[in-house]
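Common to both upcoming complexes is subunit A, partnered first by subunit B, then by subunit C.
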Partner chain A sequence: MLDVLRLVWFDLKHEIYPPVWIGLQWFSFTIQIFIYGALISQLVNIPQIPNYQEFYAVGFVVMMTFDVGSHAGREFVEAAHEGRLPYLLSLPVSRSKLFLSIALKGGLELALMLMVPFAIILALIGNLTVLSVIAAAAALFCLGFGVAGLMLGLSFIAFKSSDLYVAVTTGLSALLIRFSTVLYPLVFLARASPGYDFVAKFSPLTYGADLVHLALGFDPSMLLNPTIAVAALTALAVSTLGLAVFLLGRLVEGVKSG
Partner chain B sequence: MTELLAILQLARNDFSYFFRTKWLMAVLLSLNLSDMLVVALVYKQIIPISKINYFQFFVPAVVVMGMFVAALDTGRRIWLAIREGVIQYYLSLPISTPGIVVAYLLAGGLSAMVYSASLLLVALVVLPVATVGNTLLLLPFLFFLAMGLAGISAALAAVASTHGEYFFAYQQVVQILLLTLSTVYYPIEIIRNYLPTFLTSLVSANPLSLAAQAMRNTFLGNPVQPFSLLNILLASLPFTVIGAVAYLSALRTIQAKGKM
Partner chain C sequence: MYAVETQNLVKRYGKTYALKGLDFTVNPEEIMVLLGPNGSGKTTLLMTLATVLKPTSGVAKVMGFDVVKYPTKVRQILGISFQEARGFWRHKPAEILQFHAAMCGVKKSERNGLIEQVLREMELWDARNKLFMQLSGGQAKRLEVAKVLVQNPKFAIFDEPSSQVDLRGKRTIWGKILGLKEKGVTLIVATNEVREAEYLADRVTILDQGQSIVCDTVQNLKDKITGGDIVELELEHVENDAAFQEELAKIPGTVKLAPLEDNKYKAYVSMAEAWVPKMTSLCYERKIRVSSVRVTEPSLDDVFLSFTGKKLETNENA
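Up next, the complex of A and B:
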């Protein structure tokens, strides 16, 4: 276990010293919620969502989770590209411990990033039970791991061209966010254009966002069935992480990233 | 004449580098097109038409947003040139140091213009304008604005030197502040009701607000006001000058010390 912790710290310390990325995420969140969110909520009118600023704040945290998860996947590819991964593979540590350390590092990073924004959301919404807070946090972590797994699963593209990998993952990220219920309930996607809601059902963020919104007390009539959302999110996390471990076990050994 | 030719060649090189960066094109296009064709459409459903037609309001602003983000990439290219030592090669070329600065700002302005022109074409398809001529009249002024925005980015790259994490942090902070404190996403009346007076004045003077408003007016078929064009020029000029001076002093430091 000490090996795993040492590996986690080896990677995590770059994010903490200096904590530029973490500080930046907190700064973005504050500006987005207290300026953009507050101003746009003066315009938005959804009877079932009396305070759109709160809805947007929760959606923004889901986007941050997605961002951290995809960053973890991209960082792994970068490690392969820059030679850090071959170094890690040469250490006297088993592959399973190595993958465990990557997952743990991702989880810790996510916790660090979300600590302040999540606390602000809880203060904004208020009147929540411990159970609902735990459920929301669990949904966010599940989504984070699922997205990281998805990005790791796509890393086989990077072994052909890292430029193409970044193009695919960043382009995909923007589309997954827009075609999801992070910023607006599903019913309005359907009203905007026929078919948008159908596409949104393929975005993992739709399930993550609706589940977190539900846990934090938003009107369930505007959200997806929670049973389906839980099933989709769990399936995503398990399948993509499983696929990633399977692919990486075969791809990383002795392969150079282009 | 030789100097001018050298500036244009260097600008062309940087201009083509922008469009050859596949991942950047993927990011920009997916962000801006999905903003236009998904976000604007959905927000139109959740914002009452009695308040504002959000699709009509936001689509022209996405063109300006695209120009801003593309212009900001100038800084990334300058930062890369400094970090990877390509700048040393540029300094050895038969071109003056101010010439290098001008070439980068020209390329930054031009690439942002070409990129936003492609978004403008999409906008013209989804939101037909009464008079296309008015919109075209705006373009040269938007080019000045794009140079100013490229100047901001150049200044950030010069300040961050070789520290990548700081450059991207500065860039993100500037991007968030300039976009959030502008009328790109919401009308000025809403801002006036919520933000203090000094911030509302900043929002009104923000070059992105000026450009977004001018673009919206042309889409509505209103004639272009000379005053608004002058405002765009005046708001862009300080950014261009600050960026040029910051980048020039960074290049002079590299010339004198061999590094920053």
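Up next, the complex of A and C:
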């Protein structure tokens, strides 16, 4: 287990020292929520949402989770292209420990990145139980792992062309975020733009966002059925991570490294 | 038992074969040099032995451990210096070596001293706290070699260890590789530099298009070239007897004899060390005085050309 921790720390410490990237993410989140979020909440009027700034803040955290998950997946592909992966693959640790360390590093990175924004939304919303906070955090982690797995699962494209991989993942990210209920609830989408709500049901972010909103006490009538959301999110995380491990096992060791 | 052994090893990338049924062995405690141009399969073979790549078919064993069945065991006895020193851009040489030594099980009490020693020997001590991305190509390459040195493995792989390194650096690296051999380490060095191969090799395997063309010691490989040695002979006086020239041409191993001037000859022979004593005996019998004999051996480049019909692409002439 010491090997796993060493691998995690070796990779993670440069994200923290100096913590520029994380600090900038926290800063931009604060600006986004307290300036833009406060302004837009004056314009948006949805009966089920008394204070849109809170809904917006939670949605923004879900988007950050998506970004961090995507980043973890893309970073692994970068590691393969920059020659870091062959080195890691040659170290005297089992593949399962190596993949565990990559997953742990992704999880820790996610936790670090979300620590402050999550604390801000908890303070903003207030009156929450420990259980609801844990449920919301668990939903975010599940979404983060699912998205990282999705990006890893698409890594086979990068072995053909890294440009194509960047194009596909960027395009997919844009579509998954835009066509989701991250910033607007499903009932609002159905009313404002019929058809949009149907497409939004195909985005994993819809399930993640609705579950987190539900856990943090938003009106369940405007959100997806939580059982379906839990099932969809779990299926996403398990299937994409499973697919990623399978593909990596078959592909990474079969792809020319130099 | 061989330290490294492959049987009918195949590695395929889509429709392209990088290794085509390779049979290859390395004896314990020897330096095997893999010589071949870019794309000959050297790096693929090394990556397969290092368990970074999985073979498509065939068997590869390191110290008796099958690389597919026991990859972690193989990695525990293996140290590898990659062809391209890339990767940890934001890390510093000292911390890269600290991490590597820790991962490879070097005791904590020994790590700092060992790392300082290796950094100094590889002339990286002053650069120990620079970021990896600030290192020159030669420094990065020396760091790659340093990783193997701090690890002190039973089996070491060096993929073009001195490419991008200046002559002084090359000498340092070659000295360290020979030092590992003296400690009982088995080594494979892949290169397309003739000088490096001649300096390091106990045996050389010539790879071309994923296949082993020939494997032997440097001297034996040179001797295998028919007419590869050139002997330039100068006599004190002009020798007009045609019979002498005929007898010279009949000495076993003579491939071609070319008179240059009246008292000078150029002989293309298979093994100069056997041919020259016979030539001197002939001259002694005929009371002919020889003023000079100059023997030129073929280079490994000539050996490669002879066995593959191609010139070896080297860093020097690339």
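What to note about this one:
The working rule: the second predicted complex is superposed on the first by the 251 of 258 C-alpha atoms of A that agree within 3 Å, B and C clash if a C-alpha of one lies under 4 Å from a C-alpha of the other, contacts with A are read in each partner's own complex, and residues count from 1 in each chain.
Going forward, a residue touches a chain if its C-beta (ideal position, glycine included) is under 8 Å from a C-beta of that chain, and two chains touch if they have at least 3 such contacts.
Fair warning: this is a prediction, and the values are worked out from it, not measured in the lab.
Of the two partner chains placed by the overlay, only subunit B lies in contact with A:Ser28; subunit C stays clear of it. Contacts of A:Gly171 after superposition on the shared chain: subunit B is touched, whereas subunit C is not.
By the touch criterion defined above, A:Ala231 lies against neither subunit B nor subunit C after alignment on the C-alpha atoms of chain A.
In the superposition on chain A, A:Ser94 makes contact with subunit C only, not with subunit B. In the superposed model, A:Pro86 makes contact with subunit C only, not with subunit B.
In the superposition on chain A, A:Phe188 makes contact with subunit B only, not with subunit C.
When the two complexes are superposed, the chain touching more residues of subunit A, out of subunit B and subunit C, is B. When the two complexes are overlaid on their common chain A, residue A:Ala119 makes contact with neither subunit B nor subunit C. According to the touch criterion, subunit A has no shared surface contacted by subunit B in one complex and subunit C in the other.
Looking at the complex, you find that subunit B touches subunit A at residues 22-23, 25-27, 29-31, 34-35, 38-39, 41-48, 51-52, 54, 165-166, 169, 172-173, 176-177, 180-181, 185-186, 190-191, 193-195. For subunit C in complex with subunit A, the residues that touch the partner chain are 13, 18, 43-44, 47, 50-54, 71-72, 75-76, 78, 80, 82-84, 86-91, 95, 99, 102-105. Subunit A contributes residues 18, 20-21, 23-24, 27-28, 31-32, 35-36, 38-40, 42-46, 52, 163-164, 166-168, 170-172, 174-175, 178-179, 183-184, 188-189, 191-193, 196 to its touches with subunit B in the complex. Remark: subunit A residues 3, 6-7, 10, 14, 79, 82-84, 86-87, 89-95, 253-258 touch subunit C in the complex.
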